[in-house]
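In the two complexes below, chain A is the common chain; its partner is chain B in one and chain C in the other.
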Partner chain A sequence: MSDTGRNRLMLAIALVMAAIYLFPLYWMYITALKSGSEMFATPPSFWPSQPQWATYAFVWESRGMGRYLWNSLIIAFGSVTLITVLGVGCAYVLARYRNVWVDVGLFLILMLQVLPASLMITPIFVGFSQLGMLNYPRLAVIIAIAAKSMPFFVVLVRATFMAVPQELEEAALVDGNSRVGAFFNIVLPLARNGILVSAILIFMQAFGEFVYSKSIIQAVELQPASVGLNSFMGPNTNEWNNIMAYATIYVTPILAIFVLLQRRIVSGLTSGAIK
Partner chain B sequence: MTKQIELSGVNKYYGAFHALKNIDLSIDKGSFVALVGPSGCGKSTLLRSLAGLESISTGDLKIAGELMNNVPPRKRDIAMVFQSYALYPHMTVEQNLTYSLRIRGVAKAEARKAAEEVAATTGLSQLLGRYPRELSGGQRQRVAMSRAIIRHPKAFLFDEPLSNLDAALRVHMRKEIRTLHDRLGATSVYVTHDQIEAMTMADHVVVMKDGVIEQQGAPLELYDKPANKFVAGFIGSPAMNFVPAVVGEDGRSLAVDVGEKQTIVLDRQLQPGRKVTAGLRPEHLHFVEPGQGVFRLPVGIVESTGSATYITTSTVAEVTIVETSRRPVRTGDVIDVSIRPADVHVFDGETGLRV
Partner chain C sequence: MKRLLSSVRDGSGFDIVLVALPLGFLFLMAGLPLLYNILMSFQEVDMFSLGTFLRPFVGFKNYTDLFAQPETWPILGNTAIFVIGSIAGQFLIGFGLALFFWVNFPGASWLRGLFLVSWVMPGLVVGAIWNWILSGDFGVLNFMLRETGIISGNIFWRSDPNYSLYAVIMANIWLGTAFNMILLSVGLASIPGDLYEAAELDGANAWQRFWTITLPMMRSTIGAIVSLGLIFTLQQFDLFAAITSGGPNNSSNVTQYWAWDLSFRQYDFAKGATISVIMIVFVMFASVVYVRSTRHEVRG
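Right after this comes the complex of A and B.
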């Protein structure tokens, strides 16, 4: 097969795959706009005949989405702040020192990443309850998410730091700066992009976090949007259009951020490769 | 002459690896010293130890008379030019130049004035607002130099600063650095693996190998009287020819082994029968009329650079001759070659030390 032919075939396969991946998203958007009877029509319609825009306002009001999203934001910002403050220093040290203990540390960090949240939640819950942390459920969730997502952040940011040449730091030392000064003046500004991108990825993860929030936060008024969405669904649910409208309101801002920043995110993730 | 940098008995270990072995070196104020040697010889480690980027394991290091063993780099008042230039990519040329001043709390206007003055002397005046990524290799090199100059440090340390430039620019910058050094009356330590750079720029050349100083002295002293076979082979281009030889029975001649035994006359008396290595610089071997030479050598390869012809013989110990006359010579010819007795270097056959 010629090169062009092969490229076209590859493109066709890519398009089909993308369509499969994106179909649920498409289904969410159109279902949110369908009326009750259109939702259950056979064969299903792929474009709403009479878009029901009022659904959004109804769901926002009736489910109290403002409060849920506010809680999600608090949890996401809290986790990102905690992870960034603690993770940057950790990543820097792991990037600059090479010895057996660093390798051991890195291995342990990656091990943490392997453990699923659903496995971790039981010991975390018991531990937090012993410490009385369950009285501050959102803080407890923030700490749990920070513990869960830190490895991911550290590994990404470490790669960013490794891309900053050590000679720059040495030049700053000879120029009269201390190690700490060189870190804040030279290394941190140069690693800023990678740190920002990693923080955004963490933010998106934390914004959609479910397992810890569901288990730790009992009070409805403190629950984030992911838990709110879950409580919307029951065994006899049939208001799929409302659920989809909820989901749409929940994910569209994140999707928008991702689409707007995706070029920077991708280049940030591969920043080690290009100067 | 006051000593600006003094090293005595300096050793450096990386775990079990002995990187610097008993280094004794003193550098006069205002002199230009080149540290030269093959890669891995410890020259960069020595330079980084001077800068304080590496700590020394034992021995004393003094800068301007003060003991500096445990002083951090920022308090040593030295400036360093890195091989990669290490310009701060997120700062403009002006910010790069004034960084060290700003750290020391120099007023903004004053720092700016200093940057403009230095930029004027290094031809960067038009480039102060640019970022390093917008500069050519030569311009970056100049920024790196200017950044060092602006502080008037006690010593300049150069870590192979020209190795990223193309050949023509390298020759040009060589002169420029030396001129700058003379004008500032600075003390400079210059690391290079290129013996030509060391020979042309420095007042004092230090040849290192495996963490040991093999020889140090004025450039021509190293060329004329190399202390051992290593220095002899390292200094000079093309490299010195080494031929196994035995001292003749009269003690004043050498039977050299270039395929067949041939005899050359010495200008000094040596112990008869001693096994030695004769060192013959290519530029000291001259191509002469048949019957007038001390050697007869079969020609292997002939290469011409225009100004000179490099003749490599087809003997077992290859001998290279640099001939500046345009006398025609072809592969397979047998030519007569002479050398002045004073130009014959003799090294001990076992230790390689100069005899």
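Right after this comes the complex of A and C.
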């Protein structure tokens, strides 16, 4: 077989596999557009006969999604800010030196990265309640997420700093920069892209975070969209078109960011996670 | 004082400040809770003693009580099935896809990256979608299985105790396959191509090349991915909350959900802490394996 023929065949198989894999996503978008009776039709329709665009406005209004998404945004931005401020410097130092202490630090950080959130929430909740932190539930969640996600961020950003040639920093020091000056004027701008991609990854994680928010935030008006979705899905729900509309509104921004920045996100992820 | 300031501005003090602040934060917010967890597992904790550190010390009572409960062993068994099933599914499908996309064709890397959308979606949304797909009477999965003749009657994935755990495993395989595939692709790309050329000259067929070159060269990658998979599956909570809530009758309950359920539904914080301690020991073990298998790369 010729090369182009082979390429076309491979591409066709790949497209079919991607279509099968992404079917759940398609099903979410399609179900959101179905009417109440079409949703329960047998056999199910794979294309909505009369797209119900009004469902989105209805769900947005009736579930108060604006407030939920706003809380998700606050929590995500808060955690990303805290993680970036603390984590960038840590990653820089761990990339700059090679000795036993750096190995120990990295090992500790990797260890903290693996603790499941649903197991850590018990002591965190009890501790926070003793400190009175539960009166500021969103701040408490931001701090808890920061502690959970920072190790991952440090590992990713450290890989970025490793790629910055150390000679550039040394040259800046010879030219009379202080360490602080060299860090902010030379090293940080060079690592900007990697830091940005890692921050976006952390943002997407924090935007969908559930365990901490569910356990710590009791007041409905402070809960993020993930908790809102959970309380929307009762055990015997049959409003699946509305739930899928909610899910669509919730994930479409994340999916858009991901598809736009896909290449960078994938390469940033792979450089840190395993190499 | 002045020397200290100038060291922070232009000396090793700068590095120490940069690394001490985050490590201090991590110690306060992740290290201390870990220790506190161990302390609580030896205490009697209820709603009234929540506000004090000086709770009655009960020794190993929480541990013995826990293992005297009839649901403990089934739930530990479920956890093992969940972990093994999820990792096996994610790894095998992920490896298959990675091998497929390894054959380079135009658009391969873009399409491969597209698979990762499952990984960036909030776990609860993935759970909601699968909850609907797996629905007993109107779920599209049952429809497809009926049409292809695999089953004759509907399977009630979420409410049948024989299937509920596998419903969550299915969703979890979908969620994690793409991540496995991406990391395995990186490992495949780092195998030097001339090894295959040499093997081909020696007359090795594709099957032999896979067993004698690909698999041995991927050993450290595979070790890292399986231990990462163990870590990630033990973190999986959102899918349980969204699909089965551990039910019916604990048939799909796993330790990480059970620990939360005990603490926040039944307010038995001591039991929740006890399970957490047991599971964290397991996770730590997995992460030591992970760190060991990536160590030479971390240094390089």
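A few notes on this one:
What we mean here is this: the second predicted complex is superposed on the first by the 246 of 275 C-alpha atoms of A that agree within 3 Å, B and C clash if a C-alpha of one lies under 4 Å from a C-alpha of the other, contacts with A are read in each partner's own complex, and residues count from 1 in each chain.
Note that in this section a residue touches a chain if its C-beta (ideal position, glycine included) is under 8 Å from a C-beta of that chain, and two chains touch if they have at least 3 such contacts.
All of these numbers come straight from a predicted model, not from anything done at the bench.
After superposition onto chain A, the partners chain B and chain C occupy separate space and fit alongside each other.
When both complexes are overlaid on chain A, the residue A:E167 reaches chain B alone and has no touch with chain C.
With both structures placed on the common chain, the touch criterion links A:P189 to chain B but leaves chain C unconnected. In the superposed model, A:S178 makes contact with both chain B and chain C. In the superposed model, A:S49 makes contact with neither chain B nor chain C.
In the superposed model, A:L255 makes contact with chain C only, not with chain B. In the overlay built on the shared chain, the residue A:V211 is in contact with chain C alone; chain B does not reach it. Taking the C-alpha centre of chain A as the apex, the lines running to the C-alpha centres of chain B and chain C meet at 90 degrees, rounded to a multiple of 10. Annotation for chain A, partner touching more residues between chain B and chain C: C. In this overlay, which is a superposition and not a single complex, chain B and chain C have their closest Cα atoms 9 Å apart.
Once the two complexes are overlaid on chain A, the chain A residues touched by chain B in the first and by chain C in the second are 178.
Partner chain B is touched in their complex by these residues of chain A: 165, 167-168, 170-178, 181, 186, 189-190.
By the touch criterion stated above, chain B contacts chain A in their complex at residues 51-53, 72-74, 78-80, 82-84, 86, 88-90, 99-100, 103-104, 147, 151. Those residues of chain C that touch chain A in the shared complex are 9-11, 14-15, 17-19, 21-23, 25-26, 29-34, 36-37, 40, 45, 50-53, 97, 100-101, 103, 105-118, 120-126, 128-133, 135, 137-138, 140, 143, 147, 174, 177-178, 182-183, 185-187, 221, 224-225, 228, 231, 234-235, 237-238, 241-242, 245, 256-257, 259-260, 263-264, 269, 272-273, 275-276, 279-280, 283-284, 286-287, 290-291, 294, 297-299. Residue ranges of chain A in contact with chain C, taken from their complex: 6-7, 10-11, 13-15, 17-18, 21-22, 24-25, 27-28, 31, 39-40, 42-44, 86-87, 89-90, 92-94, 96-98, 105-127, 129-130, 143-144, 146-148, 150-151, 154, 178-180, 183, 201, 204, 207-211, 214-215, 226, 229-230, 233, 235, 240, 243-244, 247, 250-251, 254-255, 258-259, 262-263, 265-266, 269-270, 273-275.
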